[in-house]
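Below you'll find the structures, each written out as structure tokens.
Okay, so chain A shows up in both of these, paired with chain B first and chain C after.
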Partner chain A sequence: MIEFNFLIPIEDTIFLFSAALLLISAVLVIELRSHVYAAFFLEMVGLANAVLFALQGLALIAIFQLVVYVGATVTFILFSVLMFKEAKPVKPRFKLLDLLIGAGIAGLLAVGAFSIYKVSPTAGKPSLDVTLPEKIVSEYGLALFLVFFTLLTTLIEALVLARREVSS
Partner chain B sequence: MINPYLYLLISSVLFGIGVYGILSKRNMIRMLLSAEILFNSALLALVSFTSYTKNVYGYFLVFLAVGIAAAEVGVLVSLAILLYRRRGDIDVMEVDKLKG
Partner chain C sequence: MYDLINYLWETGLNLLFSPEIFEPLVFPGLIAAFSLLIVVIWLERKIAAIIQMRYGPYYISRHTEGALQLVADLLRFLFSEVIIPKSVDKIAYVLAPIILFAFTFLPIVVIPVSKDFAAIDHEYSLLIALALMTLYSSFLLIVSWASNNKFSFIGGLREGFLSLSYEIPLIISALSAAVLFDSFNLIEIVEKQAAMGWGIFYNPLAAIVFLVVIIYSTSRYPYEIAEAESEIVIGPFTEYTGILFGLGMGISYIKLYSMSLLYAVLFLGGWEPVVWPLNLHPVLPGIILFIKAFIIVAFSVFLRAVYPRYRIDQALRIAWWKLFTLAFLSLLFSYGIKIIEVMG
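Here is the complex of A and B:
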């Protein structure tokens, strides 16, 4: 049997790649002029997020994110923005101020997250190796029904949007 | 094993990018996309805390959040399309002129 020896652990490599993809795609969503490309890079954000979920051991949530969020929601946005003309470029009034506010909020959150991370108890918790789908169906049927119902409303909205307008 | 704090750090940076997008753009679709970045950031933080504390309720919250976000996107895109049909553009600074 062949064994591969990586200089950097493969998990770290995937993490670095996904984190870089996530942040670069997020910046491109904001800065690209074309709505279509911006929506495409939002899909990349969702995809990279799903990889980060899977890296934390939450494979089921990663699949749900891929199927429902990337596969349905963002694709819905992507096809909807095709209906709009490309936006006229508008010069932002306080770009530097907006940038400073964004950076300040990110810094505050990072400090807050670090302090929570330092004090939150983790030891002694049992590993969650229960069969999650079984638990969802048996104990959280109502929550599951709500999720299905909200997804159904999205389908109805898409149908209403696609309906041809009749002029009166 | 990757340090859980790194996930929270990425989530914070992503939130900052989303806030900048919402503040600096006037186009409704671009603001919706920025709000989706904020949602992804919050979801990443929620998943990190859930994974870190091994709390089962967090899993269900994530499922609910993704489902409800899908519905919210449908409503916002419908509003944007209606606005575009009525006015011909989706500049949010012009929306207040729709007031009676």
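Here is the complex of A and C:
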């Protein structure tokens, strides 16, 4: 296998690209009026998130991010949007209140980020135990499958109930 | 100057033949996939013609039974005008099929061609391939929405219904193989098959479910429901012309190819047996894998000539009641084999 020598490490380039895609897509999900475009950019958010998880060495979380959020959730959203007429976007009434709430959340996040940066010398590294997902899959594979199976049957039940409600 | 040219030549060759470049671009990637596409579509038309007592492709290159018909079709798609109707959403209409094609192609990158030649050799390569395969339906829904046409729209909705029903049996039957061989790594799965025997003999139930899901998810007969020509023209791609239509036409075949490669790795022993001269270079065992995948692709397209089409409610009932139950049983079967192994 040959070694590639890049001016900027390839991981950094992928990280920057994914981070930019994540931020831009996240803003577009909220700002776009078309629900289908919003769903598309939500898919991009999921993809970029999966790449960021993969870069941190959390391959299993990246895979679940792809399967659950991108493969399943966005498909469900798109499916629902196509099945029903697009609702008209609601104009926000309390702009000042929104601004205050937004500023409050941003302030809390900033305080949190700075406190982590000051206290922890390993800031920027994943605080989650990297071996945990691997351990769950390797040691509790059957239990994990049963949990999935239970969730799936719940999902099917919900779909059946929803259909009954529509038909009645 | 000579040294510089020599250095550039050697670096270029090394780069081209590195698994990271060679696999996605040449084999089993883009070039191999396009070559297979041309042969398979011709084969599909020829087999159907023979069974229905017609000539099939004939006028282009008569001496080779019309084998160059698809090359001519491809050239026509390349040079014909791409018409964008006024009523469509222009950005989504143009970009969605291209993105869909790219994401359909992506799982091939994870599939190794031999134990020493893989673009991405990861301990969860099977899960990565499955995760990438689940992205297909959401982009197809966008394609169908962008056209603003009732046939495209119905085709997209049909694909949405079908994808919800086939993805779970697909994942469970693939996990049955993973449980059987105690690994999510595709190279390890093939290595274990070389020692133990093919997966299809150990868990035929999982192999059958996976094969039916391949046919089901790639719009092959009798599950050609999302693109049903006699009902909804060609489903999501009804409004497309030129090269965009060509891409749309090829997408389901590329998906069929990538899923067949995965099937060959999981249940047909992958690139094994590696005999001379296939052991001369790490990429050569891939020929065996390609042949196995080609047989599955050819079998899937052969079904067109012998089966009628199911209605969508019939297909959904088959997927939720039969495929799902059989997939679940195949997983229990794999666990049973593992328990017997441990106790024995």
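In this section, the second predicted complex is superposed on the first by the 109 of 168 C-alpha atoms of A that agree within 3 Å, B and C clash if a C-alpha of one lies under 4 Å from a C-alpha of the other, contacts with A are read in each partner's own complex, and residues count from 1 in each chain.
Assume a contact is a pair of C-beta atoms (placed from the backbone, for glycine too) under 8 Å apart; a residue touches a chain by one contact, two chains touch by 3 or more.
Computed from a predicted model, the values in this text were never measured in an experiment.
Student: Identify the partner contact of A:36: answer first if only chain B is touched, second if only chain C is, both if each is, neither if none is.
Tutor: second
Student: Could you look at A:83 and tell me whether it touches chain B, chain C, both or neither (first, second, both, neither)?
Tutor: Both partners, chain B and chain C.
Student: In the overlay, answer first, second, both or neither for which of chain B and chain C A:55 touches.
Tutor: Only chain B; A:55 stays clear of chain C.
Student: Look at A:145 in the shared chain and tell me whether it touches chain B only, chain C only, both, or neither; answer first, second, both or neither.
Tutor: second
Student: Counting residues of chain A touched by each partner, does chain B or chain C come out ahead?
Tutor: Result: the larger residue contact count on chain A belongs to B.
Student: Is A:27 touching anything from chain B or chain C once the two structures are fitted on A? First, second, both or neither.
Tutor: A:27: touches chain B, not chain C.
Student: With both complexes superposed on chain A, which partner does A:72 reach: first (chain B), second (chain C), both or neither?
Tutor: In the superposed model, A:72 contacts both chain B and chain C.
Student: So which bits of chain A does chain B touch that chain C touches too?
Tutor: Touching chain B and chain C on chain A: residues 39, 60, 72, 74, 81, 83.
Student: Which bits of chain A are touching chain C when the two form their complex?
Tutor: Contacts found on chain A: 1-2, 36-37, 39-40, 43, 59-60, 63, 66-67, 70-72, 74-75, 78-79, 81-83, 137, 141-142, 145, 149, 152, 156.
Student: Using the touch definition from the top, list the residues of chain A that touch chain B in their complex.
Tutor: 11-12, 15, 19, 22-23, 26-27, 29-30, 35, 38-39, 42, 45-46, 49, 52-53, 55-58, 60-61, 64-65, 68-69, 72-74, 76-77, 80-81, 83-85, 87-88, 90, 92, 94-95, 98-99, 101-107, 109-110, 113-114, 117, 120-122, 125-128, 130, 132, 135-136, 140, 143-144, 146-148, 150-151, 153-154, 157-158, 160-161, 165
Student: Chain A touches which residues of chain B in the complex?
Tutor: 1-2, 4-21, 23-27, 29-30, 32-34, 36-37, 40, 43-45, 47-56, 59-60, 62-64, 66-71, 73-75, 77-78, 80-81, 84-85, 89-91
Student: In the complex formed with chain A, which residues of chain C make contact?
Tutor: Residues of chain C touching chain A: 14-15, 18-19, 92, 122-124, 127-128, 130-132, 134-135, 137-138, 141-142, 144-145, 153, 156-157, 160, 163-164, 167-168, 171, 175, 179, 184, 320, 328, 331, 335.
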